[in-house]
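Shared chain: subunit A. Partners: subunit B in the first complex, subunit C in the second.
Presenting the complex of A and B:
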């Protein structure tokens, strides 16, 4: 597969107002004298996305993932570095470039609040000069995929967050973009809505071959959707590979989750390296290549009042936590 | 230039959406139109009071001044109908980082911003101004030649260009400072000065009024054109307007490159 996005040495620095002290006096002082600090939101990263993939960009708050998306979509001008998306530079060829991309910014919608979403779709048709027949076909197809035939006819202000997100998503798809950026698409949604949205992304990716780049805090999004993952921390990329590689990297590890009959304190652990989320629960991560799980379990059962035991492969959250720990 | 036809079409659709939105709240729409139509006549009455209770404005008879006021209403109605939504829109855009959305559309951001300006609330003022102009022209037997009418339309265009330039500068400052609500009152106060003809001002103030910040372009020059009293000053004022437009567009492009968005 060819790369649809190639970014090299991408850096973005911001100059931000930085106040040392809090309080009223400091506020007055900032009226005539302000201190600024340079912040490197994205630090010299190389980033590639293969055509037809769903690529996840994950990281904690302030890790630089949204800034990266904004540079890739042409919203922000990088401080240095180069971006090539479908042979175009997002900033230099902006007006031509944005015809080929769709962007869903979770908290910055484009629907008209007082009117049904259909009205905004018609405006999109004129903005992107979509042919009448294409517009009709796409609208019909996506309304069916999203199952929102009634919803698009109601004023947006009357819709639930999940319904609104579906309508926003449809809006980003109407002009048949080859690449879609989704900035935290499942933020604030309930479990059912998240699941529906993920199924829709998968279906569109499969049927239309559209490439998706999504940022998220929700590791379920990554687990259920992404072919490739980039993990960012403090403006740097700390992992960039396929989801399978990430799984393989840690798959040999297992998690032993214990439920106790009575509350346990750290003093009772008898040297077991165990994480206690609460007094009745204990979690141990073990590497079967280094430790005999059977012996480990036997020893636990002999020394601790175990009510229930569950052995599972390590979950993605723990993997990401581990990667962060190594980077920090 | 390639974009102008498309942008005009988008403006038309934005206008339809804006009207559809207004009609959703139809009582507010109707009351707004009605009150605008009625209260728009108060400004000329206020001017009439000033004129009759003072020595008046040098070089201006009462009928000419009334025509000035009607043109003022027409101009305000026109620019506020076409672009009146922009100050509010740019405030929201700057505050919540929504400029991102403009950058994601395949048009120059400034052009697209101007398509978002339609404000149906000022249709009443526009109507009041046009009715006022027709009544005054007929009632006071103003003889308007074709050339004066063409010059009037030309200077009315210049007036609109100057207003747009000021709006662009206003938008740039808003985007730069993020939160600049008070800027609106400065902008409104500058516009308020167009209520008075150039003869009210003297010395340096008149130079500023005619050329530096050519407030005269808004109502004074179009009225003088219609009355057939234009002089060279109006050409300098028009040139000044074009320079300000060019500067504001350059500054807009510069500011867009400096845009930092907001939030994650």
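Presenting the complex of A and C:
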């Protein structure tokens, strides 16, 4: 598979107002004297996406994933570095470039709030110069896929978040882009809506061959959708490989989840390397090749007031946490 | 052109969704006008002649009607709209459209003004004519006025767009919007006719574009004798056109600088 996106040495720096002290006097002082701080949101990264893939970009808040997606989609101008998407540079061939991409920003919408989504779709037809027959076919196809025949006829302000997201998603697809950037597409959605949206992304990727680049905090999105994954931390890429490689990273490891009869403090752990999400719960990650799970469990039961125990393969969240820990 | 018509069509539909606000303005604007008429009648009644600074009573009343028409036909909030889109991050989505922001905003502003023309200007013109008969009125004066207003609208839009693009650099352009409002109000003749200013100040204003936004178009509506001359009409058209070209070039420059400095909220 060929790369549809090739970004080299991509860096984005922001100059932000930085106030040392809080309070009214500090606000007043900032009227005549301001201090600025340069923040490197993305730090000299190389990023590649293969055509036809669903590529996940994950990371904590402020890790640089949204900035990366905004540079790739032409919204932000990189401080340095080069981007080649389908042979085009987002900033040099802007009009031509944006015709070939779709963008869905999870917390922002391009639909007209007062009117039914259908009205915005008609506007898109003219903006992107979509042929009438193609427009009709695409609209019918996606309305069917999203199951939103009634929804697209209601004013957008009257729709639920899940319905609106579907309508927004359809809007990004109408002009038949080869590449779609999804910035936190499942944010704020309920479990059912998330599941529906994931199924749709998978279906479109399979049937239309559209490449997706998505940022998310929801690791279920990654697990269910992504072929390739890039993990970012503080503007740097700390993992960049296929989902299978990431799976190998954790497939051998196990998680022992414990429920305690009484609250546990860190002092009571007696040397157990345990993560405590709350006082009644403990999580231990074990590599069976290095540690005997039986002995480990026996030791825990002897030293701690365990009410319930559950041994599972390690989940993705723990792996990402581990990768972050290693990087930090 | 089709895009333009479609944006315009959508703008009209959106305006129809908020029909309440223009119904309120149709009720309240004549009420404020009636108060103004009373005030002006007292002023004219206590003055020595029938004409004050070249305005008869009906012309003075209609000058203030024309300042109301300025808001219907020329004023637009493009600067605030761009600033809000920059602040809340919505601008990101406007930048991924294969259409320039200038065209997009212009189509939106124009659609809102055409809506105002049909549903605010025309009814108010009729209501005001019933309240105070415009004895100076001619159809040709009205057509000249509307033509000048269409150019003034473009000029005002470009000023507004430039102030809007400043928000790419400063995020909030509220201070500039306030300055613009004050300048247009004082130097554009929205607050009072420019004849009320000292001669030096009035002369200085002829070198600036602001009087072409409200004061000069109003002179055509009032059918002042100097506006009968077609050469004056073409002179005004020419001057506004030159200002439009100047402001267009500035707006393109500001856009090119601003968009490169853009910081999209949330990333």
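Everything below uses one rule, namely that the second predicted complex is superposed on the first by the 298 of 328 C-alpha atoms of A that agree within 3 Å, B and C clash if a C-alpha of one lies under 4 Å from a C-alpha of the other, contacts with A are read in each partner's own complex, and residues count from 1 in each chain.
Definition applied: a contact is a pair of C-beta atoms (placed from the backbone, for glycine too) under 8 Å apart; a residue touches a chain by one contact, two chains touch by 3 or more.
From a predicted model like this one, the values you see are computed outputs, not experimental measurements.
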Simultaneous placement of subunit C and subunit B on subunit A, clash or fit: clash
Which superposed partner A:13 touches (first subunit B, second subunit C, both, neither): neither
Which of subunit B and subunit C A:195 touches, first, second, both or neither: neither
Touching partner for A:110 - first (subunit B), second (subunit C), both, neither: both
Partner chain in contact with A:51 - subunit B first, subunit C second, else both or neither: neither
Subunit A residues contacted in one complex by subunit B, in the other by subunit C: 14, 66, 70, 73-77, 94-96, 98-99, 101, 103, 105, 107-108, 110, 112, 114-115, 119-120, 122-123, 126-128, 155, 183
Touching residues (chain side subunit B, partner subunit A) in the complex: 6, 9-10, 13-14, 17, 20-21, 24-25, 96-98, 100-101, 103-108, 257, 259-261, 263-264
Of subunit C, residues touching subunit A in the complex: 2-3, 6-7, 10, 13-14, 17-18, 88-90, 92-93, 95-99, 259-260, 262-264, 266-267
Contacting residues of subunit A [partner subunit C, same complex]: 14, 41, 65-67, 69-70, 73-77, 94-96, 98-99, 101, 103, 105, 107-110, 112, 114-115, 119-120, 122-123, 126-128, 155, 183
Subunit B-touching residues of subunit A, taken from the complex the two chains share: 14, 61-62, 66, 70, 73-77, 94-96, 98-99, 101, 103, 105, 107-108, 110, 112, 114-115, 119-120, 122-123, 126-129, 155, 183-184
